[in-house]
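Across the two complexes that follow, chain A remains constant while its partner is chain B and subsequently chain C.
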Partner chain A sequence: MFAERSGRSEQSAAFPRFHAAMSRHSFSLCHAGAVALLGALTLGGCGKSTGSPRPESALLVAAYDPARTLVLEANKRFLSDELAAGRTVTVRESFGGSGKQARAVVDGLGADVVLLGLADDVNALADAKLVKPDWAKAREGKGAPYTSTIVFVVRAGNPKNVRDWSDLARSDVALVAPNPKSSSAAKLSYLAAWGWALRQPNGSEIAAESLVRAMYGKAVVLDATARGASTTFLQNGIGDVLVTWENEAYLARDERARAPIEIVTPSASIVAEPAVAIVDANVDHHGTRALAERYVALLETNEMQEAAARAHFRPRNAEVLAAHQREFAAVPLFTVEETFGSWSAAKAKHFADGGLLDRILEARR
Partner chain B sequence: MHTLARRRPNGAAWAIVSVAVAIVATLVAVPVGAVFVYAFSRGFDPVLRTLARADVHSAMGLSALAAAVSVPFVTVFGVAAAWVVTRTELPSRRALAAILNVPFAIPPVVAGLLLVLVVGPHTPLGYWLAARGFPVLFAAPGIILATSLVSLSVVAKDLIPLMEALGPAEELAARSLGATPFQAFVRVTLPGLSLPLLHATVGALARALGEFGSVSVVSGRIRGETMTVPLLIEALYGEYDQTGAFVLAALLALVAIASLAVKKAVEAAVARTVNAEEVSP
Partner chain C sequence: MNVTPDASLASTAFAPPAPPARMKHLPTGTLAAAFAWTVIAVFVVVPLAALAFRASEASAASVRSLLTAPRVLAAFRITFLTSIGAAFVDLLLAFPIAWSLGRYDFPGRRLVDALVDMPLALPTSVAGLTLAALSSETGPLGRFLASSGIRVAYTPLGISLALAFVGLPFVVRAIEPVVRVLDESALEAARSLGASEATVAWRVVLPQLVPAAITGFAVALARSLGEYGSVVFIAGNLPFKTEVVSLFIVARLEDHEPVAAAVLAIALLTASCVLLAAVAGLERRATARFVPAERL
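Presenting the complex of A and B:
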């Protein structure tokens, strides 16, 4: 197109006055464009605004994907409870991967309450000064109303005979997992494999490293989120084994996936402790603290613990858990703290930039 | 004249044609057909139920709003930019022509992240706007901005080669007969561009309705509020609501096919006009 212009330039040289006029004219057109942009923004704003400041009666809950059914049920319950108490409120919800939701809240998504897959994702909000630094202590024993763990999903009949973590390292087993860089389920899967390897006879850090190296070095798909990995395995039919949340595995079994599947529980796994937190900065800004506190209190009721059990989470309440015990495989569970000292220690060693996971993923390329 | 260029197809020609047809069938026809098959795989009831959902209505409304604002905007911008690049001697016009490639070159997700950096609530501009009850990110304005940003140069890129080829002769004639620049633009340039402009606008519409990457970053995914149709399709698919996802996918595919049909009709109309002009003198 530049080649064509040389011809036009000769023409324009012949009409200098005309082109001077054109130049002036083009300026006014630019102004017209700027006016149009402003108009567009104004119109957009008028159309629909999710805006803060919102009325006191509106609550936004940002949750990680697997909690979707539970959150929708809680919201329904919350609305009717509030209505019964004479308050008209609205609850809105947003779902996504745990890390992505935390990122969105850090970037300014005005969530009043977050329900995330990992306490560490709430720590990210504390680092951004959106949640009080002692949020975990303040909510002692009253985190998410449930725990979960990490299990395997295999094709019907378990054709590759996958029984335990060591089978995931076999070269004939195609592994589908979320990526520990972005997914909370995947971080726990990685730590579960590591912890299992440490607990084997002659278990050592070296054995643990070679296990996770084999798993993540050869995984056929590393999806960004646990739900994405489920979709890859179930709906797209890729891989021999999926490593994911226990509740995701049961949900997948319920959801009439196109291909029948089986759930395999390894000989030991890790305790997954999702976290609930009130986003202090946002509730103070919106004036919704009382509303948010009532919502979190609702999550801790036995009724919601029952709902959690129905969604295949392990209820925290001992009585409710006992009532549902036979729905969950009896598997020895270990915590992050007893195996790695603390989350931040595990994170620094394995998931930080340049950490072990980065080196493993680097070797894939 | 065109009969001259045509030859009887031989074996090689048939082989090439069958390969082309096979590729198009595998990559285009089968997936598009599959979308419709899956959408109706459980009969009409799930389709109607999906189309009756409040969050589906909201997503359609937001997608329509984003398109309704971004398409006129990029059209006005496109005409202005094409004008500056092809009809002026401004020193900045080459830079503008180069900058017009940027929205095409950057991945949409990066465009979304750029918006977070520029109008996010933690930036001075974003904070100032939010404090006045006008949040941009995680609200409709952010989605409209993202959509406009990724489709910004669709119209301009369509018009520039055409306006280059047309040249300024007709406008110069109008000017020499005493028309003001504005009159020349409105009465000569724009009418000549009406069909290409429609063509470009339909392209911008398709881009706006289908945009995913950038909107995904700035949406916040609030159900019934900041979910566009493409985002809702992904969410429904992830929630094992395969039918719902494919119903919406089929709907988007229908719109895309309709806009393709309009584009083709416009191209045919342009061809007729050109032929008529060639014959008339």
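Presenting the complex of A and C:
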């Protein structure tokens, strides 16, 4: 046995490259292990990393990707405001998909403040007892400093004449959408289509179901994320219509003079309410509650609402919104709550395992 | 012992100096084994156990309904078929690359040698995005293929393309060391007995490379089965067509359902282990058959 072991070390001395080691016969276990490890690391998250209490002066903000520019601007302002008040603080930020960020905080990312794409992702933090269960009621405006909605992006000139949700069901319209299973934008798009159908003359659950069935039953690409769907539609030229966040659509229009696109706002859509929350368990642990509250208050200021408008979000503040009214298409917006009762009810009916979405996708066979 | 030819040749061709006599009395073997076990326990066994523990929270009924759903079964089929297809493509591509790298000094050889490993260094999502842009119907490659009626991006072909890309270095690096240490005397003997070059390649060279090629195949396959980053952007994720298991797993996680994700992960892992064990058996048989006993 011992001789054999030293034989192997000779081999790696002769071929000091990792792949020499790979050509041994006993690869199956080690590579099965490598696969396993990757999976396990993904699922296990990075473990608890809350660590020891940080000083009052350090704040960690975990936000969802589309809020990146906004959060970076808020942090800059926050630092200078605090400095002006004679306090030296540091702010760190973390960005990722909304669901991914919520999971990271549940798994131990010690964020003091979260800014997530869906209120439901903050509910997940409440379920994990990190945020007070009544977090939404505790703050005016449901904790979101701005809102957004779901719109369509079409090719220049709108060659397929896409005007409203019902057009997405047409067989000649190739739809690119993120998958509602994995993307929060996609969940809202689905619910927006449903809510629109309910609101039509003679609208009914049956009509709503046939609309989403037509949309998701024939979508040509179901990307994992909203950004992925944008790439598919804009860079790779797939599809006639992309259903996405309003702010993403405006950003895409700003950036793409080369391959022009048009934004189509449907006759009614859903209000997307990103959510801000203080992570109670973490601020109590870090002793940063006062700091976190000042940060959240900053997001409500007119200056930050202006910044939100510049990033194509609809400011919550009526005054600021009025000033930017012309930039946003006037569209009747309905909420998840008034249409579906609550997020959890909508999820249970539509997106849970074996829910309506699963049944629609099963039928693609 | 069952050692592949490069190992045995390496030990004869590059025999290291004999260790000092007193080293033999040090318990290095035991120490090394203890170290190996510790590292494997920390990096592999513990995370795996945690995963299995998570999965065990699921009820038998929910596991059954999760794993027998037609869409999940279709995802498993797509995952395995595209991975196996990609590994075969890698085999075909890797042979000439490994052969030229191992046998010849050609202009730019060192550059090729370095570039072969690039897919390992590139973030897989970047690879996926780039390949999707290249092979979609408006991309430079995709436009050309679309004119002959072949669609790559957003089809199973696109998934295989991405997987072949990330798997290629593993296969090249498995075969190349064996190419370097081919048994020249056997080649000469075959030629002197009147064998044509084709016969030499087929009857003398290829058998020596088979075990390493199978190893490379298996590693590329193992890598492909769990691949996520490079696949999601090019797959289009259409149920029953281009939806892979890793996407299901990530979707469950995003939906705050870690138990369902863990169940799917364990299922994928188990299926992969069975497949890899079969390939390992194949490789052992190939070694026994093709590698002469005196070289073991």
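Everything below uses one rule, namely that the second predicted complex is superposed on the first by the 306 of 365 C-alpha atoms of A that agree within 3 Å, B and C clash if a C-alpha of one lies under 4 Å from a C-alpha of the other, contacts with A are read in each partner's own complex, and residues count from 1 in each chain.
Criterion: contacts are C-beta pairs under 8 Å (C-beta built on N, C-alpha and C of every residue); 3 or more make two chains touch, one makes a residue touch a chain.
Here the structure is a predicted model, which is why all the values come from computation and not from measurement.
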| item | value |
| --- | --- |
| Which superposed partner A:Glu93 touches (first chain B, second chain C, both, neither) | first |
| First, second, both or neither for A:Ala104, with chain B first and chain C second | first |
| Which superposed partner A:Ala224 touches (first chain B, second chain C, both, neither) | second |
| Partner chain in contact with A:Ala124 - chain B first, chain C second, else both or neither | second |
| Which superposed partner A:Phe351 touches (first chain B, second chain C, both, neither) | second |
| A:Arg364 touches, of chain B and chain C: first, second, both or neither? | second |
| Partner chain(s) touched by A:Gln235 [first = chain B, second = chain C, both, neither] | both |
| Which of chain B and chain C A:Lys181 touches, first, second, both or neither | second |
| Touching both chain C and chain B, counted on chain A across the two superposed complexes | 1-2, 4-5, 8, 11, 15, 18-19, 22-26, 32-33, 36-37, 40-41, 43-44, 228, 231, 235 |
| Contact footprint of chain A on chain B as seen in their complex | 61-62, 65-66, 69-70, 72-73, 76-77, 79-81, 83-84, 86-90, 94, 97, 116, 120-122, 126, 130, 133-135, 137-141, 144-145, 148, 160-161, 164-165, 167-169, 172, 175, 181-182, 185, 220-226, 235, 237-240, 242 |
| Residue ranges of chain C touching chain A (in the complex, touch as defined) | 1-4, 6-7, 10-11, 13-16, 19, 29, 32, 40, 43-44, 47-48, 50-51, 54, 65-66, 69-71, 74, 129, 132-133, 136-139, 153-154, 170, 173-174, 176-178, 211-212, 215-216, 218-219, 222-223, 225-226, 232-233, 236-241, 247, 249-251, 253-258, 260-262, 265, 268-269, 272-273, 276-277, 279-280, 283-284, 287 |
| Chain A residues touching chain C - in the complex, by the definition given at the top | 1-2, 4-8, 10-11, 13-15, 17-20, 22-28, 31-44, 97, 99-100, 102-103, 106, 124, 127, 179, 181-183, 219-224, 228, 231-232, 235-238, 351, 353-354, 358, 361-362, 364-365 |
| Partner chain B, residues of chain A touching it in the complex | 1-2, 4-5, 8-9, 11-12, 15, 18-19, 21-26, 29-30, 32-33, 36-37, 40-41, 43-45, 47-53, 60, 62, 65, 68, 92-96, 104, 107-110, 227-228, 230-231, 235, 251-252, 255, 257 |
